[in-house]
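There's a structure below that I have some questions on.
Every chain is named by a letter (A, B, C and D) in the order it is written, and numbering of its residues begins at 1.
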């Protein structure tokens, strides 16, 4: 067709540029991960924890950053994954780590569906309150079902098999870390594909103007519910990773505190971009680890100061502001 | 398809409290219709649009689309049946490009917008159609800019492009030229000329020049009821229309 | 890159070589957050131990590394414990205020060849999770059982049980019920209250309606105990002659200034009162109060930490500073000594501490401060919880 | 029957305590559109000041309350000037980040300055003890809290609906640019409203201290409760907040009486049902 002859290059270039961008991003994650492995061989447990939480933060980003749904109850999805994987191992003897991960993902998806159906009944502040109510209900349910979950003592007795029958989950946490890094990379690749897909575009549309989306004949609610389920898969994998690597699941994984902290990490890094979520998580947890080791008694003040500083000097979040600045420099050069 | 009109509104009624905002309105459209709906401020045009598109539920009366009763259908379902609207105040995704907008609409029409893998840029049919529509409306050069970076007049054109991409049977244009500087209305008119011939179009508009150039038929709404239904030539001669417009609308139309 | 790796390896070797004469002890506890007070008490107990006994055992020097887990968070606890073992090279893990935090770290012990000394976490089952766990605090079963006899002796036969709805609360409910029914009493109703309860008035109404003559209560130490005790008085239960029995968490010393007159006369059973009258305790309290800064903040976790350090010092002595968890734990099985709380023994079988449990009553001292006055001693109490679980 | 009355009285007292503390938050969130998660932190500061004045300095209760309100407002003024002013009109998530940061800092400072123990505010003789209502006795300070709640509600209503300041405030909220064009100094209006909200927080923190005791984690422990109450009532509406507090107080109290072990379930299920039925808050319907 004549029209397409106009500039077939531009679209192709855009496509190639985004794909290159994604590849660079993935490569960066792997490189940082490998450097982390060699630079902090004794801190792998912390690094694994960061990866698990990063999956939760990514999952919040899917609904908050990409669809505009604010939530303070997302740990429900993470905790569901953690408990499902843990219960499968402790009560049913399903100790294969890959199988546990799949169970976690499935449970996360289910929890995503349930909490999505409730939370999406309102907007704005009432929505935030619904999400708080949901996480408290999940928390109470886990506390009550103590014969399954161990209640407040935590669910212990989770002993995952060697990964692929070859690699034991050892004291040094090497296997858990490598497995976690692998999961993270796979998830980020899939999410890259997702956010660039027609569905990803639809989700961004929902964030910017739901009314316009429905005027195009698409169902806003269905988009949001589907995204909630996907988000549940991601968070559930994070929860399962947590259960596998620490071999115990506590009520904290279903808590308001974790939900709120994860949201703070996301906003810290910058919403609406996968890398923002990762940068936010790493910065927050690393900062917390360093300051709390330096002063276990009064580190909270430092974290508070960091948050205030970010709002004042990097209002789009750390990654968002950096990307914006780089974009401006790049723009001037062009 | 049956022999009835493509689109029909029967005895539509909407009350807010004791006030009838839409009072027993009936009208119908056939393929190829070019209808302008006009009326002074407060005549109930916006309410009527919302009733037709399904954003408001009527107290009584019915809406039919292609022989089907859609009175109880949601706005979304009506779009899928071929009733598409544009907005009086631009509603677009400011962080996305025109190309993405139109491609999304095309994908949505084809039922492919839920696909979670692949990019529209690697779907040749979608790309071809999107670029064709953008080209038709003269937006192709802007296709890679963010919408927030392009001029308002062009954003209005993109609204029309979006509607076209959905290939409607009935198109409801809510003041397509609202907020566009006089110098650029020609481009809007130009775009309207390119709408498919068999499409039924209902336009709500204040700009009488545009109405006269575009419409083959005019309906005047005042105080919630239809007071005139006829040709553009006759509308200015009608006594009731003059009465309804005296004062309030005479000023508004010259200002528009 | 190569340089970096070399440097890292050098650092690792250097740090592992360094503990030839410095023995590191990693202490995990809540040093910030809502339970920071209890973490502060850990540190005070440990500092008091060093103040009284020095920080050397033979020619080895003990160094304590603190890690913060503000709220029960097993994942973080495990990550920090792991970091302490592999990165900091600690030979002993200690502390652990919450049960899930302690449980989470137990899988590390055998692989890391590290004993764990639990300084607070009070669920019976922890010691069964690994043969390298030794506990110097108490269990909820241990402190909740004797109060049943106290209630019976006071002539109360119908009791309503009110506990916070979480692990230790459930333990307390079961312990009391078992012991009270054994002596012929009856628990007419057992209510579990959400941890987040702010207003206890409706629950006091339930107590009135139940027709019980006494209340058994377990709440974690901290803000909620204040509301509970006040509601008990203000709703006329105290004046109505209903007696309140509880393990000592309800009236920990650091909460007493806030509870004030409201708590006067409340009887609790516990393993330690700051007021315990013995020369050992006198010197301990003096050192610990100095360490904590504000004397009013001193409470029971400090003594668990103090004795925990004593046990660790004995372990170091037995192993000569070598890392040998099995030998270290073996050495303290059956160990007896006089703690600030009184005579204690590490039970060789369960590795839990056998100790006196005291009946105390909140009283007002001459200087206007409040304290737990010991009025009766139940000697050599083991952990009935472990037996009950079997 | 007696039990029903008794529960009702408890519910009323609990609801009014919630009301006194949360109403300030309703003002900031509804009228100034700031999600102020640090509200509880200011209530806590009030509690600390009152405790210090009454317990450590031995001042009277009334003086302590006054000092608490004035002192907290004085502390809040620079915070408003340098931090809050930056987030008026910012996205909700940014406001959440900023105000959580402020909360963390205040907790850290309170912990450092006053230590982690519980702080009480000694009541005057008149408020100690219990009053016999015939069918039961109730603590005098609870009656006092009920009265305080009613007085605050009435005073606020008058301030917003009946004074020149109220008119300017509502104008500034509806359309800041227009109000500014009409000569209303919106910055001052905002600063004053913020001060009023903080003063109410401090007042509530002191009056409610018997039920919600003052300690460093106060700010986080009750944050969710305040947020829920305000949003269930409909932010910015005084009658809405009052209804929400009484309703949620009643649900909480009744649930705690009938089935304490499922108290949390009742409460949050009720919240979900109410929010779904009244998405714009209880007061939304009546506007």
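The criterion applied here is as follows: a residue touches a chain if its C-beta (ideal position, glycine included) is under 8 Å from a C-beta of that chain, and two chains touch if they have at least 3 such contacts.
Quick caveat: nothing in here was measured; it's all calculated off a predicted structure.
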Inset, instruction - Going chain by chain, each one touching the next, work out the least steps from subunit A to subunit D. - result: 1
Inset, instruction - Work out per-chain C-alpha centres and flag the one nearest the whole-protein C-alpha centre. - result: A
Legend entry - Mean-CA-position distance for subunit C and subunit A (Å): 36
Legend entry - CA centroid of subunit B to CA centroid of subunit C, Å: 73
Legend entry - Between subunit B and subunit D, centroid-to-centroid distance (C-alpha), Å: 49
Inset, instruction - Enumerate the residues of subunit A that touch no fewer than two other chains. - result: 140, 298-300
Inset, instruction - For subunit B, jot down the residues that touch at least 2 other chains. - result: none
Inset, instruction - Would you please write down the residue numbers of subunit D that are in contact with two or more other chains? - result: 111, 261, 264
Inset, instruction - Classify the chain contact graph as line, ring, star, complete or other. - result: other
Legend entry - Contacting chain pairs - touch in the sense defined above: A-B, A-C, A-D, C-D
Legend entry - Footprint of subunit A on subunit D - complex, ascending: 29, 35, 83, 86-87, 90, 92-94, 96-98, 100-109, 111-112, 224, 227-228, 231-232, 235, 261, 264-265, 268-269, 271-272, 275-276, 279-281
Inset, instruction - Would you mind writing out the residues of subunit B in touch with subunit A in their complex? - result: 53, 74-76, 79-80, 84-85, 87, 91-96, 99-100, 103-105, 107-109, 112-122, 127-128, 131-132, 135, 140, 143-144, 162, 166
Legend entry - Interface residues, subunit C side, partner subunit A - complex: 4-5, 8, 12, 31-33, 36, 39-40, 66-68, 71-76, 78-80, 82-83, 85-87, 99-100, 103-104, 106-108, 111-112, 123, 125, 129, 165-168, 170, 194
Legend entry - Contacting residues of subunit A [partner subunit B, same complex]: 1, 3-4, 6-7, 10-12, 14-15, 18, 193-194, 196-202, 204-205, 208-209, 211-212, 214-219, 226, 230
Inset, instruction - Please give the residue numbers of subunit A that touch subunit C in the complex, ascending. - result: 38-39, 41-46, 48-49, 52, 140, 143, 146, 150-154, 156, 159, 170-173, 242, 246-253, 257, 292-293, 296-300
